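First subunit A sits with subunit B, and in the next complex the same chain sits with subunit C.
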Partner chain A sequence: MKAPVDGRLAALRGSGKRLDYNARSLAALENNPRCTLRALLDASGSNKAAIAAHVGHPPAFGQSVFAITRGNAFEAMVKDNGCAELLRVLRETLELTLPEVAYEDLNDVGGNGRSDKRYERTEEVLLRAARGDGEGTLFDHPMLRLLIGGHPAYLEPDLVAFRIDGRFHVMEIKSFPIIDGQADPTQVRAATTQACAYIIALRDLLGRAGIGAEAVSDTIVLVAPKDFTNRPTAAFVDARKQVAALTRQLSRIERIGELVDLLPDDLTFDLYLDEDEQPRRPPEELAETLDQVLKTYRPDCLNHCEMAFYCRSRARAEASLDVLGPVVREQFGGIDTTTMVMGLARGELKPSEDQVEMAAALRHAARLRAELEDLGGAA
Partner chain B sequence: MSTLSALAHVQAMESMRAVPLTEFRHRRLSSRPLVIIPLAMAGEAGAPLAAMVGTARRNGTLLVVAQPRNRDQRFAFAAGLGRIVMEYINSFRQDRSGEGERSRYTDTPQILVPNPGGVRTLADLGRMCRFRATTGPYAVPEVVPELGMWLTFLVDRAEQAGSSVLLPVTGMLAEHWATGQSTLENQNLASLMAWIAPPPGLSVEQAMADAENPDVCPPAGPSTSPEFDNRDLAPAIRNFDEASALGDPQALADAESDLRELIAGQIQPTWRMVWQAISLLRSVPEAPRAAKRFESDCRAFTAYSDYQDTGALPQRKRDTAIGAARRLGQLEHALAEFEADMAFDDRFVLADRRSAGEAFAGTVVEAEPGRMVTTDKNSRVPRPLVTVLTEDPLRLAADTKLISPSMPTGHKAKVVSVRRVGGTTRVTVEITGGMGRARVPKQGTVPELGQYVAYLPDPGWRPSPQFPASDATPWTHSAPDGNDTESAVPENTAAEEWGNED
Partner chain C sequence: MSDPLDALEKSIGTLRRAIRDAAAAGDAERARELRMQLRRAERAWDALVDTGEPTPPSPPPAPVARGSQLPAREHVHRALMLLGAPAAPKLIVGVHEAFFPGELSASKLSSLRRDEERSYRSSPGARPYYLCPALAHDLLTPVRALITISTWPLERRVIGPLSPRVDFLTSAIGIAEAVHTAADSTGEGPSPEALRLLWRFAVNIPDAMPKDASSHGGALDPQQVVIAARAELDVHTDADRATRTAAARQARKSLGDDEQLFGAPSQGVTYLRSARA
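On to the complex of A and B.
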């Protein structure tokens, strides 16, 4: 069963290099698990940004050099001198009693930066620690592996700490500030989603060696600048709910085969790259292919999915209520388009059986609106 | 959201133009608002990059921080902005009316920012500045903590529904116009304006596309576009750093003016657009009850101003339990009042509440105007009953207290029964107040047969809740012994860094 699905996914991607899941695609997975187009593009490792750009809707996810510099500088500062600053924060702010601390850098293995080699090394080191015969307490940039839809995705947490209350803890080092004990909730949520993937991957690694899930804590340690300074502070973030949610969504991807089976056999998102990595596929043809796949656009996608501008243009063209976002959409349960809403409101369309109540509310609202001013909204 | 507002958004999307959601502008617009467009450096913790500030389209002042990571330059910026903001605020601390307890300033400052991000940036700036010490090792000009305290006051006050001392322009526009795009996109000033007033010669579609293109419409802040950062800003800041390292005054002046020019190019389109939005909003008539809320703003402004005059302490970092409970109560009350006020003033908002089943209107089909009841105190009072026939999808329970925008002031009623018959509803209400003191209701105070009436729930008067004194707070609600939870001002005030030199 697996092999043909893998083959199909590879064919969907085509000539391009396979891309792994990253923080953004994991966020997209968590926020919009039901979108088939996203699921297929991510599962096949297609280059969403290149595809979206080729059909005329390039994503706008530039990252400012200032943000990158600041992020790197902060992480480096926290980890300087064997994580001296970090240890101070763990001991002072979180009031942890850490035993003798040993620090292990897993950034590369004997000069080899390949993901699979680093993963093997990480596995060896972490298992040794878990069994109690390792030295390490803090593991810098371990390489973890998460099977998503049967495919390994390599993930790299900033830091994993061992022996905080006898358990592994995932640490996220972020450069957004914690001001007076509070941080921007959207950013905390994004950081937590990322950390959840690490927790699941870490449990998977240990689980295969017969070590139970309780060895990895559901609580993550968020390390971020305190107030407006460059000095770090830390906070525990309870990630139980998000770990459960992500686990559930990952289990759904296991069934990606069912989605693939619904596609025509020759369908592919291949850009037909030439030697210079330039797409040779006619954009119209690619767009037609994309249109054959179901997508679930939500305005929220603009924050995390490369395909969002393309999907929005399609939703607009179809006069889909998705364009207006869930708040408006919820008011019209079971109706998909503005044409349908206006038709029912004007009494030009006959409501189906489950639309009767909605249609009555709509006609009432349209009458009220017509009373207010002549907008042509009522019959 | 009600079916009616949702329908308005659908209409906007279908007709590709903004549709009015209200009859009135429910926010007061000062004749002399102070517009601030703050820009911050990406990735840094609230590091100001620039601000454009002024009370008229033609006299905007541009303040630029050449190296946002430099602490001294940040404070120079805060002091520069502080002087402008304080001069503006102080101009409202002149004219007072009333005597003694009732004495208050007759007008309040009003700060307008482009979007909710602008409010957050001012909140951060307020938090950064208000604890700064004006003496000692990290001394800052006096205006810096003063600016911090005032910004914090304005941001806190802005959380109260109906207040107009600090408002994001996008919020004001979206309150009055429904667009065919999502709430998220409505927070982009240029996208929102594309729907309401596209530039001459452009369709809404074209204007929307331009609005999302940072080269045509630079973002309204607080963040600048990443492309701009990488392509223009980073090299310009590097030039400035090199020039200041070399100590060449000419090169430094050149680098500084280059930077100013770059940032001006990013901020001026937004500046013009904010003023355009303000004149659009001025063309919408102000709601009658906005005056009442303005009174409340004047009271709050006067109270805070007087506190400042008697040597204010900066606002604490976190509320105490009692302070938080009291504040929450006030916010809830203000919200209920604001919603009722809007429905009272505005046919559109009333229709909106009707479509959501929270209000109703219709004609009186039965009336018992002479009904009298005996109260607990054994007096006979008029309690007329009227039955209203309405098509509204009413969701009000019996005994709900009602007020009516279509009856004389002071009219009060309560729901007695609600009966659905087919597609219509018959609501019987008892008139309980606003009929005068006589045994016979005054002329016109009781709805008559065939009269059209509208009712909505009475937000009611609520007594301010009583809380124990701070030394009598039970241990469950008192602050734990902590580093800086005890006093309003943290001990390390002066030493608290605001970014590093590097």
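On to the complex of A and C.
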């Protein structure tokens, strides 16, 4: 990345400590690549949670202690006793052979849990396995690293990356159930999004040692409770599309310079923290700054972006159609706000030339609705 | 291996033979290390005979009161002897609840592990045995959350890539034999907890479950579990033993007595709690 851009990004962040990309911000990148505000905040390493809280919209996720405990308990259960449950599942569903049981714990390196140490160790162990010397079927919590815009992001595959038929497979252990072979599509998507970053990071690691991308499978192994029991089952999830999408977005991240160039020179998201890490910047002023940057709110931002509640309140205040989601929004090409939609439907606003068709459709819809309401009133 | 005394006697016998071999081969250092292990094992044997430990691992009706008053480390020792392999605190507590009377909690276990090392360092060898962590086969550092007994040979206390599975199967055999003994002995037979524990192991071993899969624990045959576990064990044993023997040899060469029990010093100076992204 060009040095001036880096300096400009540092100025955007200001006094706070730089935050690296993580699985969540990568998910946000994959799901909403066009949002300028998100791109700038993530690229500059700003503390999105602190900023959102300071302008009065603290992020409300990551708070369910129960969900986290449940997830951890399930993961521990699956991995207990030398991954006994996991091995059974993998033997049943993925036809893992009997001798493939080797287990490598990468949670720490001889008692040292630092990311860089764990990354070095992961690299050593995985490369050995990839080259075929050294045993290794299950790798517990490997630490991967991905350079994003010149900054390292450490990623820890939720669970295990392992090897069947000489290929690495990223595994995700999740506590939502697979009932009759079906799981909640939103949750599966969230899991695959996360796993995509791991696939890319794993390919990057192997690629630097001259091992081709085909060594890492595009297919994710999802391990989750079966039906209404607590016993795990496994399923393959095809992540090809999402891997391609995220790869593309990552390669475009370098273009952040173009976005930065559009900003006024003195713009910053700095909270002006004092010694006690308390923000001193007036919230109104910060909000004004945020409003100068284009944001693209979508309802699913709530799943992965700390700024989502702020953006939603702004979108609502502007009566933007974004609040209703992309499906609704796409129906109204060229119209941005609910006020305009309603105005056109009621015939209070005069449609511009390219809105004529839409206005006719809206008035028709309004007429139908009015008739229905009359019927309802008569009955 | 269900009886701690039997296991100790077996291990004493093995150690004596190994000392003779080492002496014949002129490997004085190895012989010295083995002699020390032998002394530890003998002390453990003495201690067990003296306290008159309840011999069958099944819950005998009479010594319940005395069994429950044993210190926590004795409980852990007894559970580990039944399993015959390094085990995580959770499994140790599970085995204890299934086969032995008295209270034992996982939280007690973690403080126990620190006490053991402290006690050893203040007066090495004062106790007949110590509870110590398993060692990683490559770095020889303590393995997270796996407890072993100091009287076991290093070969059993190091963990290679295949060892978690091997130890799982070994533990399954230990549990199946204990359930079998309890079923044979007079009294009410194995506890429901013991059967559930065996079931949890058996479902994850190929061919260990009865053919009519509808049965739930009751029809579980401990003998079948033992046979199935042995069959899979045969697949892994040789490779696992090779790794463990090599690691044990390395440990004897490079580590001091205390490190052979409690592991090489960890690599980093600090534990970083925030390291997990």
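Methods note: the second predicted complex is superposed on the first by the 325 of 379 C-alpha atoms of A that agree within 3 Å, B and C clash if a C-alpha of one lies under 4 Å from a C-alpha of the other, contacts with A are read in each partner's own complex, and residues count from 1 in each chain.
Here is the rule we go by: a contact is a pair of C-beta atoms (placed from the backbone, for glycine too) under 8 Å apart; a residue touches a chain by one contact, two chains touch by 3 or more.
Predicted, not measured: the structure shown is a model, and the values here were computed from it.
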Check the residue A:Leu87 against both partner chains and state whether it touches subunit B (first), subunit C (second), both, or neither.
second
Between subunit B and subunit C, which makes contact with more of the residues in subunit A?
B
Per the contact definition in the header, classify A:Lys117: touching subunit B only (first), subunit C only (second), both, or neither.
second
Looking at A:Asn107 after the superposition, I want to know if it touches subunit B, subunit C, both of them or none. Which is it: first, second, both, neither?
second
Those residues of subunit A which subunit B touches in one complex and subunit C touches in the other
none
Within their complex, subunit C touches subunit A through residues 88, 90-91, 136, 139, 141-144, 161-165, 167-168, 171, 201, 203-204, 206, 232, 235-236, 239, 264, 266-268, 271-273, 275-277
Looking at the complex, which residues from subunit B come into contact with subunit A?
1-4, 6-11, 13-14, 19-20, 23, 41-46, 124, 127-128, 180-185, 212, 214, 223-227, 229-230, 233-234, 317-318, 347-348, 351, 354-355, 391-393, 423, 496-500
Spell out the residues on subunit A that touch subunit C in their complex, using ranges where they run on.
20, 22-23, 80-85, 87-88, 91, 98-99, 101-105, 107-115, 117-118, 135-136, 153-156
Subunit B partner, complex, touching residues on subunit A are 60, 62-71, 175-177, 179-181, 225, 227-231, 299-300, 302-303, 319, 321, 323-325, 327-328, 330-332, 338-339, 341-342, 345, 360-362, 364-369, 371-373, 375, 377
